Amino acid sequence: MSAFPLTRLLDNASTIFLALLAAFAIAIPVLNLLVPAGSGLHVSTYLVALFGKYICYAMLALSIDLIWGYAGILSLGHGAFFALGGYAMGMYLMRQIGARGVYANPILPDFMVFLNWQELPLYWYGFNHFAYAALMIVLVPGLVAFVFGWFAFRSRVTGVYLSIITQAMTYALMLGFFRNNFGFGGNNGLTDFKDILGFNVQAEGTRNALLVVSCLALALSFLICRTIVTSKFGKVLVAIRDAEARTRFLGYRVEAYKLFVFTLSACMAGVAGALYVPQVGIINPGEFAPANSIEAVIWVAVGGRGTLTGAVLGAFVVNYAKTFFTSGWLAPYWLFVLGGLFVAVTLLLPRGIVGTFEWWHERRAEKKITALPASAPHAAE
Amino acid sequence: MVSTINGDANVPFYKELGNQGLKATDIPVVAFSVGEEELAGLDTKPLLGHLAAWNYFESIKSPGNAEFIKKWQAFTKNPKRVTNDPMEAHVIGFNMWVKAVEKVKSTDPDKVIDALPGIEAANLTGGTSKMLPNHHLTKPVFIGEIRGDGQFDVVWKTKGLVPGDAWSDFLPGSKDLEADWVTLKCGNYNKVTKKCGGHAS
Amino acid sequence: MEPKTTSALLYLDAITVSFDGFKALNELSFVIEPREMRAIIGPNGAGKTTMMDVITGKTRPDSGDVFFEQGSYDLSKLDETEIAELGIGRKFQKPTVFDMHSVEDNLLLALKNDRSVRATLIWENTSSQQNRIHEILDTIRLKNMRSRVAGSLSHGQKQWLEIGMLLAQGPKLLLVDEPVAGMTDAETLQTAELLKDINRDRTVIVVEHDMAFVRELGVKVTCLHEGSVLAEGTIDQVSTNDRVVEVYLGR
Amino acid sequence: MLEVNGIDLHYGAAQALRDISLKAEPGKVTCVLGRNGVGKTSLLRAIVGQHPVSKGSILLGGTEITSLPTVSRARSGIAFVPQGREIFPLLTVEENLETGFAPLPRDERSVPDDVFSLFPVLSSMLKRRGGDLSGGQQQQLAIGRALVMRPKLLLLDEPTEGIQPSIIKDIGRAISYLCGLGEMAIVLVEQYLDFASELGDHFAVMERGSIVYGCDKSTMDEGALKRALAI
Amino acid sequence: MRSFYDRIVALVLVAGILFGGATVARAGAYEDALAGFTTDSFGDTADAIDSLAASGDPRTGLLLEALKDQRLLYSVEAKKVFIKDQSDKLTDAATGEAVATPPSDIENVRLNNRVRGMIDAALGSLTLMAKEPGRRLDAAQAVFKSRDSSALHNVDKAREKETDPRVKKALTEARAAIILYSGDSSSPEDKIAAIAVIRDRGDQDALGLVDGLPSDLPPAVRQAAASASAKIQGNLALWSAIQNAWYGLSLGSVLLLAAIGLAITFGVMGIINMAHGEMVMLGAYTTFVVQEFIRARNPTLFDYSLVIAVPLAFVVSGAVGIAIERSIIRFLYGRPLETLLATWGLSLILQQAIRTIFGPTNKEVGNPSWMSGAFDLGGITITYNRLWIICFTLAVFVALLGMLRFTRLGLEMRAVTQNRSMAAAMGIRTARIDALTFGLGSGIAGIAGVALSQIDNVSPNLGQGYIIDSFMVVVFGGVGNLWGTLVGAFTLGIANKFLEPYAGAVLGKIAILVLIILFIQKRPRGMFALKGRAVEA
């Protein structure tokens, strides 16, 4: 019983997943940097950035799965935490531009010069230091989630009501970030990044490094999620998901559990957003759009909610499909495909890909047992 | 009244304006960002005479424009599809980019940017626009009045092409500033302090 | 909170709860002494379930006092979690267990333990916990079902599992709502024995319709009617009370 | 009126009913007895059509209804008073009664006087919301609501469960009155023999999904019946 | 610019009155003036209008009307001007003869604002004594704006004869405005009396008049002007509050209209229909199609286009709703979060479908004449479209409420939503009722689309703009309660409009969203949550 950490953490699926992720993190940079461009095995830098983006989306999916799949909290505003983390990273990257901006102001980002701002707003202070920015990447989404969750869970807002107000939250943030006087670049957001930690963000090496870091972050998030869902805490979460009132009568402080996991999930989404921004080169208020958050939920649904590997798989599958469809003559049909995916998954594949696979697997195992003559019939009423 | 409304929000604005009975003969509205595309979603009869300032209107007669309109409607397979100023801007911009790329024989953004000043391309209103050292173009300026059919009548235009200015020569914060990417390599050169970087530095 | 001088474990005084003008509880008052077992009977709609809701913090009374442990806690100011942590456990009328968890995990979740987020995160399985779970599994006769998911149990088994969860919780006061619904006579008797057993060191309130079962328990009976106490006493006293006969047993 | 021929019923892998056959005739009360969990409610759900049977057939007035959905069965004359009453909580008592109009042609849509003479309490509460009624009142409303449908077959699932004895007596009186009219067949599912034995004409005792004992009022051997029930 | 226009208007007006009244019309002046219309120059056109007004020729009115309506054409080659009548027949403006074959280079005479102003003024001057009171009123108002002292005599003359009280009031005000600004020709007492008249007018124009007085006036006049200014400002502040309330009601009615269908599908059935906005959009596109059809086939029916569109939109959106319910939602009852995702997917599909069929651009949906324009009520302007939308919304609300409460279908709908399986056992065709209920909610959304097409742009994104607001209204008002939706919509509408002047539109909206989020914390079931055992039973 006390062989706790590893065996509990790493079941077969998890081990396979981590191995695949590791292979991916090694193979892509090798194929990009070491294999010559002419070779059929060469992975272009465009693809490296694309995969990096997918990995960040997978992390966002993981964070949504943790609260939706295990605690039954469907957030339709998780993109907000992703974007907040992204903005924190964007602010760091903006400060790194220094005097190389269009207006060559060593302190003020271009958009502030353009808007005729005289000095840096207080909340931009400190973002020239990476450590501070890194702290904010985790802290800001975490804090917003904590405050929001504290209000929502304490007053027992659940189910669709919670979903609707999370949507309202991200919508309100979007409206705010669109405003120039909020000091985050308004409509255009933050862009034109040059360096990250002294490395050129456009450089191939940096891109590969960012991909590897993203993979590491994904692996770490995965392990954190595994630790949580396999602990007694995880059992309490599932108990809350299935019978919240009962859990409360057992003496569990349900709101504390929800608040903890919601905040943690928001921090995770924030880190995902932060890794996303240097790889795509821009962050703007569009990331707060409710549609983005809902799209992220469908990744989880496609992969299989309540299965961590499913969330990651879903993010990859849907986003690959998106890349495939939107980059050719099929583009006008992408929304039909995405919309169809929403409908089809909820109707035909409610457990998602991984969930269905697991269910089918269990069923087979069960059949083997029931095939044995012993089991006595019991009337269910 | 000067309207800085941008995009689709113009539609409800003009609908309300028309219904409130504010005629152009009482209070003319001058918009900087309402074009044929926005008006296509409106009944423009109550809006007769309200004004818009642009560098291009679909109603301007020139061979280049007529051809562009024809091509655009053929491309969209919609004989009623309108053109507007941002479309013209893209036509000019793309043609300039092509010329710049041909000049430096590379698509590297930095090289293309350096090659752009001085490049000329025909605009759709019958003139030739030129990229200036401050990365702005020379263009004609038109003021048009909204017609009943969703088009604009040009009621005023500049004599020739107007060179675009990066900084206002009249606002206190920016009148000393100048942009020049060719000789000064600076987007906000202060003519008084002789420094690049703007007033904030 | 104002301390109340009373020897009672649970003290209810003039509790009124109304929904849209309908009075579910009307000036309900009674006291339960420590180590007592009390049976509550009464026709449907008499306010039995609402009374349980008030004690466990699910419903706040419009007026009246609810005190716990010799008047030291005012239950009307606490929520479900706090009340559960004080040591009041509840079994629902309709058995509610965690369907997706195994029988064993259901008990584990109920087991008296630190309920904080931190504690559950760093929790480790210990042999004393395992032993306790084994004991309870024995008592509720679900030993060979321990790894089945609770959702696949039959109605009666779920009833037992829920009683087992109550046991695991180890509360000072147990509120048991219709524990023998859907059980055979033999099971009913066993349940009565089990409750009597539990009553040795804990206080129990049982709500039940089954008069034979109430008789079997052999404890003081409170009869509720229209949200207040109609009669109180032994089962014989109550069942011969004229007013009880009139409203409850019929003419 | 009702003929159930050898039906099986499964919930997933678990079998709830095994080869059950049952008959109900107009003007007669057929009692199905058994402890909780033996399949009584499953039998009613099979007759009402809330759960499909996996074998056998069900006939109403000679017409096969085995594969009809619930709605069609209700429209062909089956009225159901379920366990737990299932009153529409937000509809008024009057509206609850009027839901029973659904199977009736437009000109027959009225609440029969019988309903109010059997359960006078309903007439004084017509404007109250169903959910605000007490359990006993709800039970009376549920039976009244079923009678509005002018059924050929009335199914009652434990109408005495959790009801105070005075109302149990009212319900008993109502059942024998309806039986006396001789128009409808009644199937009464009960856990308690005392209530059932007073009203029943035929008896069937269930155990583990099967009927283990059956008899008529005339041939009833109370000892055997009790033994069958006790096990 | 403004005073320049005014002076021209006044000039033309005076000219018109002087010469128009005279019987001696200069022969040939009319024909000479026509040449000015053939040069395609605004300046020449303006001169031509001046000369026409001065000519006193009886044909002038007809010609100017034609010019105003863009029915005046010219040919450079033939140096002729033609008038097109309502039935597209051409007549030579000079000779009055019908023209069978017009010259090939025929073009419209173009107008700009200056010319339009001149036409109005010239027409006005011709009509200060016209038969129709409406035209006399316009003329009087033109004088009020120009306040040219030379018109005083004519205004006085007109005032004596005037019988219509509104026109008379306008003339009195015009006279007061002239006196107030007429240099030193009037006594201080006259001016003070004039100030009183202006003060009673009490609007922005009046405030401009009393505040803009020159400072060299006698102290008594200045004092009277100051107190009048204060009074008008107080008056205006009151009216601005009323105006805000009106805007709030108007916004509230739009919110209610958008949310009312959702109150059925979400509030009553518990279905999270994220495609609700697209049902609204379908209604708007139905209106567009109806109007296109009418424009193409029978333009005289245009005023009835909305009356035709309302039932059609109900049918179109309702039918789509029923199709959605039958094909998707019925498999998802009891799984609200899954329904949310599936209907979100549907909303994407519907948007893209509309984009594919109609294109991504805005579609023109016009206001019928009875929904165009505005009228003044005290100090505020009320537009007909907003007024009609409020009336329409309330009518829809009442109809829906009555339908649910008093019809058989309504009863069955309520029974099914409360307990589906029991309703089936009662013989209620639950599947049909589910579909009809969902169809009803969708159909009402479609009706909302007809109304919203009158104030918003009709594009594939139309619905997206309303979905969050609609959910907010329903949740805020209390789920399952139509009255809650009504009160919720108007509360949010009015709160929004009273916040806007302080916070601005966007911040005001953010504030409302935050307030709703906080409100839901306090009362998770909304303002008018159903309480009691009935809910939990």
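Here are a few things to note about the model shown:
First chain written, first letter: the chains are A, B, C, D and E, and each begins at residue 1.
To be clear about the criterion, a contact is a pair of C-beta atoms (placed from the backbone, for glycine too) under 8 Å apart; a residue touches a chain by one contact, two chains touch by 3 or more.
For clarity, every value in this text was computed on a predicted model and none was experimentally measured.
Contact with both chain A and chain B is made by E.
The chain with its Cα centre farthest from the Cα centre of chain C is B.
Interface comparison, A-E versus D-E: the pair with the greater number of contacting C-beta pairs is A-E.
In this assembly, the chain whose C-alpha centre lies farthest from chain D is B. Each chain gets a centre from its C-alpha atoms; the one nearest the centre of all protein C-alpha atoms is A. The centroid of the Cα atoms in chain C and the matching centroid in chain E are 65 Å apart. Mean C-alpha positions place chain B and chain E at a centre distance of 30 Å. The geometric centre of chain A is 44 Å away from that of chain C, both derived from CA atoms.
Within chain C, contacts with two or more other chains are made by residues 19-20, 22, 154-155.
Counting partners per residue, chain D has 36-37, 132 as the residues that reach two or more other chains.
Shared contact sites, meaning residues of chain A that touch two or more other chains, fall at 378-381. Interface residues of chain A, counted against chain E in their complex, comprise 74, 76, 148, 151-152, 154-157, 159-161, 163-165, 167-169, 171-172, 175-176, 178-179, 290, 294, 297-298, 301, 332-333, 335-336, 338-343, 345-347, 350.
Those residues of chain E lying in contact with chain A across their complex are 272, 274, 328, 331-332, 335-342, 344-349, 351-353, 355-356, 468, 471-472, 475, 506-507, 509-510, 513-514, 516-518, 520-522, 524.
Chain E contributes residues 408, 411-412, 414-415, 418-419, 421-431, 530, 532-537 to its touches with chain D in the complex.
Chain C contributes residues 56, 58, 79-81, 84-85, 89-90, 92, 96-101, 105, 108-110, 115-117, 120-127, 130, 154-155, 165, 169 to its touches with chain A in the complex.
Touching chain B in their complex are the following residues of chain E: 5, 42, 70, 110-113, 116-117, 120, 359, 361-367, 371-374, 381, 383-386, 454-459, 461.
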